[in-house]
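Each of the next two complexes has subunit A plus one more chain, namely subunit B in the first and subunit C in the second.
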Partner chain A sequence: MGHGNQFVDQPNMDPKLVSKGFKFGVALAVIGLGAAFAGLATESKEQFFYSWLVAGMTFTTISLGCLFIVLIHHITGAMWSTAVRRLAENIAAALPYMALLMLPVLFIGMHDLYHWTHGDAVAKDAILQSKSGYLNTVFFSVRTVLYFALWIVIARFYRKYSVKQDATGDVAYTFKMRWWAPLSILAYALSVSYAGFDWIMSLDPHWFSTMFGVIIFAGGMVSGFATLGLYGLWLTKNGTLKNTINEWHFHDCAKLMWGFVIFWTYTSFSQYFLIWYGNIAEETAWYYVRMHHGWERIGILVILGHFALPFWVLLSRHMKRSRYAFALVAAWMIFMHYVDLYYMAMPNLHHGFHPSWMDLACFVGIGGVFLAAVMRVSGKDAIVAHRDPQLHASLNYDNF
Partner chain B sequence: MAKSKIWGAVAQFENPAELVHGVEAIRGAGYTNIEAYSPFPIHGMEKVLGLSGSKVPWITLFGGLCGFSLGTWLQWWTGAVDYPVVIGGKPLFAIESSVPIMFELTVLLSAFGTLAGMMILNGLPRPHHPLDGYAPFRRVTDDKFFISIESDDPKFDALAAQAALEQAGGTNVALVEA
Partner chain C sequence: MAAQSKNAASVFPPPLVAGNHTFTSVTETVCGVVEKKPNVNWLLALMLSASIMAVLGGSVAYLFWEGTGIWGLNNPVGWGWAIVNFVFWVGIGHAGTLISAILFLFRQKWRTAINRFAEAMTIFAVICALVFPGIHVGRVWAAYWMLPLPNQMGMWPNFRSPLLWDVFAVSTYFTVSLIFWYVGLIPDLATLRDRAKGKIGYWAYGLFAVGWRGAASHWNNYERAYLLFAGLATPLVLSVHTIVSFDFAVSIIPGWHTTIFPPYFVAGAIFSGFAMVCTLAVPCRKLFGLEDFMTVRHIENMNKVILLTGTLVGYAYSTEFFIAWYSGSVYEGFAFVNRAFGPFAWAYWIMISCNVITPQFFWSKKIRTSMAWTFVMSIFVNIGMWFERFVIVATLHRDYTPSAWGYYTPTIFDISTFIGSFGLFFFLFILFLKFLPAIAIAEIKAVMPQADPHWEGYHKHEESTHG
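Right, the complex of A and B next:
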């Protein structure tokens, strides 16, 4: 039943809780980034840039996943997600910090990361020459800045008007955000896909796959829903929004995360499948490297950990509705998203599987910055869109 | 002609709130084999009626596993046993090239299992229902609500059941023949 549920929670996070989360994030950032920079003394520059790129990409795509959740909410006029939409907006608001971390490394590290920036290599290589109209340092830099600028503008736009509605409850803001959603999604889809091509796929500039950007997007969606769910679970566990986010909202986060696990598998397998069937050396080379010298084990870990395990564990409705099971699988999916990106990028640096503690340092450090950024923005405004006209429907959400 | 068997007792209610209260009152009186009828879904009704979770997901899972096995077997038997032809230098049977068939048949038989399971568990198709002979029931697809207590309820007694329905706020109380 429950046609009468009203919004009774505090719309703002307890400042103590914000400060606790923020300090934890800052501590992780200091330890992680400190270790990463100190590590430059012993580890190679290339290792530093690669580790940084993979970790940065992990958290950037999580923010992007949540940005997409916001856009989907508006384009479909969704009601159920109103109770958790501000959380997704807050996660997407970490994008400027991700840009601060990623841009310097992409620019300073460009020469160490991307083979196609080496003029002498390009001069000897007909394929790289023919690609140089797209893969050149100037155009790459412009695109990189454009991607981040675009995402930050979209993320800020949607958070800004959502927060403005907190003050007035004016439905015009809902219509304004809805009006811009289709165009934003179009721009989002192209930019995310090309960012995947540019930042990760072009590490091996001879190889190409049109599906590549979609796989990056799909991984970000899985982790986006995972992060959104964990954020909500953490808040309700600490008494924030405990009458606002109900078991149906968590159930839907789990369902959608699970759905995107299958979507990720579908796209990842499609890419592999076509290359396997075509069996052309220029395409199979990418997988050949990733099926030898220890990388095959990481590949199997990705298949089992990013597909088989979450598929079977969360298949049943009871498990999706169990907060423990969902939280565990969600945390695991974020880790697997990292491993997936690692598996795409790292074989270009190491011929054989070669873990480095720099990987851990960058993951912890950038994850810490991400957490601190989300916490900081969570404390700034209400933690729920408490005057959204659709919140009432979301509070009464029940979907047998 | 033998006297026909009593199927159950039924009563009419005027709105969803009355229906929910009626079900609560009748369950409170100890009846278990009851059913509520409404022109539209009522949120929370399944809890008031004390319905347990659906068994359809298990049938879906069974259908999916059958489809997966059938797809795998089909690919292997047709490609590597019954009519082995090497195409494009590929193995006669390979997981890679079989995945689309395994996947599609999993989805197909899951869907069949879901549909068939739902139909069988609901006793559908059902061209005739005992309540069809109860005139007020025609408005169940329009603006009236009904509760029935079936005669195989362990507590069922024709008079007591009718009295319970009346006490729960029902009108047009009647006994219905099977």
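Right, the complex of A and C next:
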């Protein structure tokens, strides 16, 4: 440790590259969101809100996945991830923008999204009445605001002190960030699970699963590592940090993404399997809808695309270390994360599989905002924690 | 607030081997434990555990003679201590495989000092666990029916039952853990063979060292085999307790049928396993002078894992409780309220106190680096995890029909069988400590500061010889 490679790259991104990425994001956002709003003329309001929710959830959970990567780095005192940590911090910094996109839709669209907001339906339904202490508009809104507030505070805290360390190199910042990591993870775990219960699970207010929050978390982690990897690959391809992020860092991102693919499969399969085996109507109803009228094809796509394909393609070390293979699978996993969330949410709107161009518009638009947000923060400060005392060890990291 | 140290080097953890050891002194220290004549304390401990093991033998013999009626099983509570003890011991086993396989894949080099020790614990814990399904069947002469043996009667076990999957999962786990442990032992067995003074030692260690000479080709094969075993053992860590959780969760009994069971059981298993490693490691490192290898850092790391997994278990308890209410199902809701406030509330609150509250003490660095605290806390966690399984099983005492409600009280034979299983466990463990190296000698040398060719000690050495 402490020998060999030195940090020789420019610590900042080339402004031209930033502006290229930012403009591309803005263009996508304008096209996508423009199309989504224009589409309100022909498509239903419900379709608009559902499409928006699924796309918003996709990119929110990606940011959350990267926030967790930052927290894991600090709680474990990891060394290898120092070279890519700022990238994860930047992706997590998109959370305020995600809040700006999600909050209005959750509030304005609440009545169109969530059946339990319909007073007349609740009045006729004993089960919904029993839940009304939790599932009511006021408490739901308070929780929604709290989740985002909490995530934004954690994300800002970790980026702020990380950037401060760029100026002074003071090791005290490292200790400060480490000190807060366990508490942040505690708050994170609870808020992400309950956000999953609230925003996605309660779309079908009768159905329940204790595993649900864990699945939402696992999906976000897969896409978090995928996005982090793609971001790093794009930067190094354009000459930024090309001597800093090496094949070992990409290899680890690929390994961890692959590991979380298995974890996602484990949690998703366990949920399905226990409900199938138990075979009681109050639980199977959820899967019944998702196994008929065309949804079964999406279900098979999720099994093959979110598990079988990445599992077999990235099983070999050779493929994990191939930048092209990793980039392709990572991009595919982000798409599959979207499909997975789509499969959870959309059958509540459409009894049969019914794709809408609104889905595409929202995905492109919110993805564009996400990209522009990440580019904006990337241009603001150094793109690597270049005075972190662990960077040197990270540059010389290998795993023979 | 954190220590405001200005020293940049303090972000790196302390070295994995303390003291001023050389490669020779590592071998001497670890082999010394094996090679010295057994002392009186060791013999006393062995005899004590053998006596307790005899209690197990006696209880099992009486069970075979008399039948499962000697246990406290009754009509609503058809599953009693046998399954509680089975899950308890299997769970303990998980830490060993987590340390040896998963931490290996995560390149956590601190695992080297404790992996041998923890893997031995795994194997002995799984042996204890396997006793219970073996003896609980009533007609023990038909216990082999648990295995899918071809036969002319056309009698097959029920392949749709997770209890049968348990037979496959646990036996696979035992086999793979044993081979993995043995493969890791080979270089050290060769060391003991080469150092053996007597004929028996030379022959016995030599037989199991399978001709190891430490050639580069041997090491190459060894490292590949080790990595492969780590890859194979990793899914087993998850699968075994996942299937154990299926034993409960595939049924539609309120309080058992909940989708978070698989990861919740795995987290609980790792939690109890690490506690047992700490229970054993704290006295052993002291008694056998292994403090330079199992350092405070190792104990602290394990306590952090205990804090993490204990909190995960707490997360699962709270989610279960919340969803039981949220589901709107009166039966689910009742099962949980009854656990917390019904006749078995005492067991429930022991579980919560030991599993959720106890590990929270480890937020304090002072407590998690204190050997005395670690030992006491680890005992509490062991107690708590036994009670967790008891609470789950005791949920049976109030089912859908109030007229069938009852209570569960163990008999003296339930208790003696369980206590006796500790005798078996410690008997095996005490033998292990005396006859096999408790620390992976070859592996730990690779993580010593001296193993780094750029170690500053070498510079000093050169300066003093050339200067």
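The rule is short, and it goes like this: the second predicted complex is superposed on the first by the 398 of 400 C-alpha atoms of A that agree within 3 Å, B and C clash if a C-alpha of one lies under 4 Å from a C-alpha of the other, contacts with A are read in each partner's own complex, and residues count from 1 in each chain.
Quick note on the criterion: a residue touches a chain if its C-beta (ideal position, glycine included) is under 8 Å from a C-beta of that chain, and two chains touch if they have at least 3 such contacts.
Given the structure is predicted, the values throughout are model-derived calculations rather than measurements.
With subunit A as the common reference, the superposed partners subunit B and subunit C clash. Of the two partner chains placed around the shared chain by superposition, neither subunit B nor subunit C is touched by A:G232. When the two complexes are superposed, the chain touching more residues of subunit A, out of subunit B and subunit C, is C.
After overlaying the two complexes on the shared chain, residue contacts for A:G56 are found with neither subunit B nor subunit C.
Once chain A of one complex is fitted onto chain A of the other, the partner contacts of A:Q390 are limited to subunit C, with no touch recorded for subunit B. Contacts of A:Y277 after superposition on the shared chain: both subunit B and subunit C are touched. By the document's definition of touching, neither partner reaches A:G196: not subunit B, not subunit C. Judged by the touch definition given at the top, the superposed model places A:G365 against neither subunit B nor subunit C. Taken together, the two complexes place residues 1-3, 273, 277, 279 of subunit A in contact with subunit B and also with subunit C. Those residues of subunit A lying in contact with subunit B across their complex are 1-3, 269, 272-273, 276-277, 279, 315-317, 398, 400.
By the touch criterion given at the top, residues 1-3, 77, 79, 126-128, 130-131, 134, 169-172, 174-176, 178-179, 182, 186, 189-190, 193, 197, 206, 208-214, 266-267, 270-271, 273-275, 277-280, 282, 389-390, 393, 399 of subunit A touch subunit C in their complex.
Looking at the complex, you find that subunit C touches subunit A at residues 1-13, 107, 238, 242, 246, 249-252, 257-263, 307, 311, 315-316, 319-320, 323, 326-329, 363, 452, 454. Those residues of subunit B that touch subunit A in the complex are listed here as 20, 43-44, 46-48, 53, 57, 61, 88-90, 96-97, 99-100.
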